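Everything below concerns the one structure shown next.
We call the chains A, B, C, D, E and F, going by the order they appear; numbering starts again at 1 in every chain.
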Amino acid sequence: MSTLHTLSINPSSLHSIQSFIDIMGETDELLLLANGVYGALVDAKINIPLEQLRDSGKLYALKDDLLARGIPASAPKRATLISYEGFVDLVVKHQNTYNWV
Amino acid sequence: MQKKLLFISHKTPYGSFAAKETLDAALASAAFGQDISLLFKGDGVYQLLPQQNSSLLKRKSIGAILGALELYEVNKVFICEQSLLSRGLENIKPLIKVHVLNNLSLQVLFSEQDHILSF
Amino acid sequence: MGLFLFITQVMIFSVSILSAPYTDQAAFSAYKFVEAALSKKHEVRRIFFYGEGVLNANHLNTPPQDEINLYEAWKELASSHQVELIVCIASALRRGVLDEDEAKRYEKDGHSMQAPFILSGLGQLMDAAIESDRLITFGS
Amino acid sequence: MGLFLFITQVMIFSVSILSAPYTDQAAFSAYKFVEAALSKKHEVRRIFFYGEGVLNANHLNTPPQDEINLYEAWKELASSHQVELIVCIASALRRGVLDEDEAKRYEKDGHSMQAPFILSGLGQLMDAAIESDRLITFGS
Amino acid sequence: MQKKLLFISHKTPYGSFAAKETLDAALASAAFGQDISLLFKGDGVYQLLPQQNSSLLKRKSIGAILGALELYEVNKVFICEQSLLSRGLENIKPLIKVHVLNNLSLQVLFSEQDHILSF
Amino acid sequence: MSTLHTLSINPSSLHSIQSFIDIMGETDELLLLANGVYGALVDAKINIPLEQLRDSGKLYALKDDLLARGIPASAPKRATLISYEGFVDLVVKHQNTYNWV
């Protein structure tokens, strides 16, 4: 059974984003939402741990939350942009949802 | 119907009331006969430091609530090894009996649950 | 020639909210999620307000008119889609979210909560966990 | 033979509080700080509750009996040491902290604030900054 | 009596209402004739990203409030260089005119104030 | 004019504790209180930036907040323990107080 991980705080306040990534299972995925979408910014050193998920197709970002904050258009390179309906589909796809704190 | 529920406690004992309210929820679900596991992760590991004295903050002791876990037969109590290591707490003697889990064991724990409740 | 049957996987959701409507975006995110789930014909059985989340149920909240009023939005969900709005009583007392009965019991002048929000215990969170296919937590 | 004069530097303090009494330890820390300042004969002129800090002024807060009741503690400070308790009105409306007048103005059933807490504007924070030797912020 | 006040804004624009309430306080003190400076530090630097669209969150635009700073003749608006660098934002075109300050300049700014208001 | 810096959140959630230390002036000091007292734990990697202040006499911790949390007795090596009255004296000593966020 797999888990959908969500990040809803800015990763720059997460000392240990790596510690969350380290416990993601093979089929788990990660959704960035709310302040978590700053994790989609490519050039921030603090986001390097998230690079591991890039191109794996396992990283999503909520489109509205991204656009609301003026995140540059380069961001989508690192994550698949989805709507709230897409969020619902991800929750259906995975048995569990784990909100990173 | 019994479900497998994992409660994850991420917060310091006295910064907010999150630590207390997480344990309250875990104890309630144990009382309701659910198959529960409890994991201390991140800053939640500070809850297990011995010799706390919450009366200095005029607060209830987290230790007292932790002590109730055994009464409710909550035996699957875990702590994240990496969270201990990064906080330099690998040598503490925890307030209650906990099983230290490495990353791989945590992945297994997650994959076995019906629901994860994250506080 | 066959019968084509389109099957959508319809699920029962419950949601737990741990943040006040103004402290972070979590309660707003939860609201938008629930709206989307309902639009996709899923059932949203219960919203459980716990910890700081109980502050969503304060009917005295008066945000500026040009911003979303989440209190009204929750109420509207309850009436249009029979979503249960359950407020943890222990969390609520600590944070000053009291209906008329509790205000009377604690001899307080005034009150801050009313129907369709309902004060109840943690058993309602357990019931939601047991009865729902998915339980999602918003906030911290 | 001379006159020995012991001079203590007495100052005027004001304090700004940005956190609810239950979200972090900041409001408790502020209370203990103010107590200590008064015990050292400093003057504490004003406490300005801003942002989430306005939730300190909710008289419906009902913490368990074996924990400190910060609402009562603030009230006691006001009566025993003439400390002004000013609550930012814009912050308070958003967060459902309304006295009887505001509740009436917004046609709300019930209210959640009363004297000695006083609703006022940001000018009171500026006055505190101007009149005080030290202005200390607790919470975020 | 005029005092030198430094307002420091540390929070993201729409996570909470802290960004808005910090700017409200700064504008109010400018209206009261105080000598104010405003510094964006830490996550506060995200407030200056261009092309925000707060209507998606049904919130007031932080950009609109930032625009009012000029009307109130708040000209001492600063941004922490290190906060920009660590977030990979050194090449953005900020929403309003800001002076980028290195660590030494920040030390000087701090040392000149009568009060620091930290949000 | 000097500034008293206070840290009232757990430093493990501060990506950039170094960025605060870097702007401390010559005569500035730092007080750990509330969850900030976890910064007095000697062995935590995350607290390394605070080591710079050790032995300089510029690092204080609020004793009650330390004891309440069960911080091991080794902690005082890194900070001078003070009471709330001592906190008041520090505020009097410095023109400004800056609460790290």
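The rule is simple: a contact is a pair of C-beta atoms (placed from the backbone, for glycine too) under 8 Å apart; a residue touches a chain by one contact, two chains touch by 3 or more.
All values reported here derive from a predicted model rather than from experimental measurement.
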Chains touching both chain D and chain F, listed by label: B, E
Centroid-based (C-alpha) most distant chain relative to chain C: F
Turning angle required so that chain C lies on chain D, C-alpha fit (0 to 180°, nearest 5): 180
Centre-of-Cα separation between chain E and chain D, whole angstrom: 25
Distance between the centres, which are taken as Cα means, of chain F and chain B, whole angstrom: 28
Geometric centre distance via CA averages, chain F-chain C, whole Å: 40
Shared interface positions of chain E, touching two or more other chains: 10-11, 14-15, 17, 42, 57, 59, 86, 114-116, 118-119
Two or more partner chains touched - positions in chain C: 22-25, 64, 94, 134-135, 137, 140
Where chain A touches two or more other chains, by residue: 9, 12-13, 15-16, 34-35, 46, 64-65, 97, 99, 101
Chain E to chain D touching residues, read off their complex: 1, 3, 5, 10-11, 17-18, 21, 24-25, 28-29, 32, 34, 114-119
Contacting residues of chain B [partner chain D, same complex]: 14-17, 57-60
Residues of chain B that touch chain F when the two form their complex: 12-15, 42-43, 46, 49-57, 59, 86-89, 92
Of chain A, residues touching chain E in the complex: 9-10, 12-13, 34-35, 38, 41-47, 64-65, 67-72
Residues of chain C defined as touching chain B within the complex: 16, 18, 50-51, 90-91, 94, 121-123, 125-126, 129-130, 132, 134-135, 137, 140
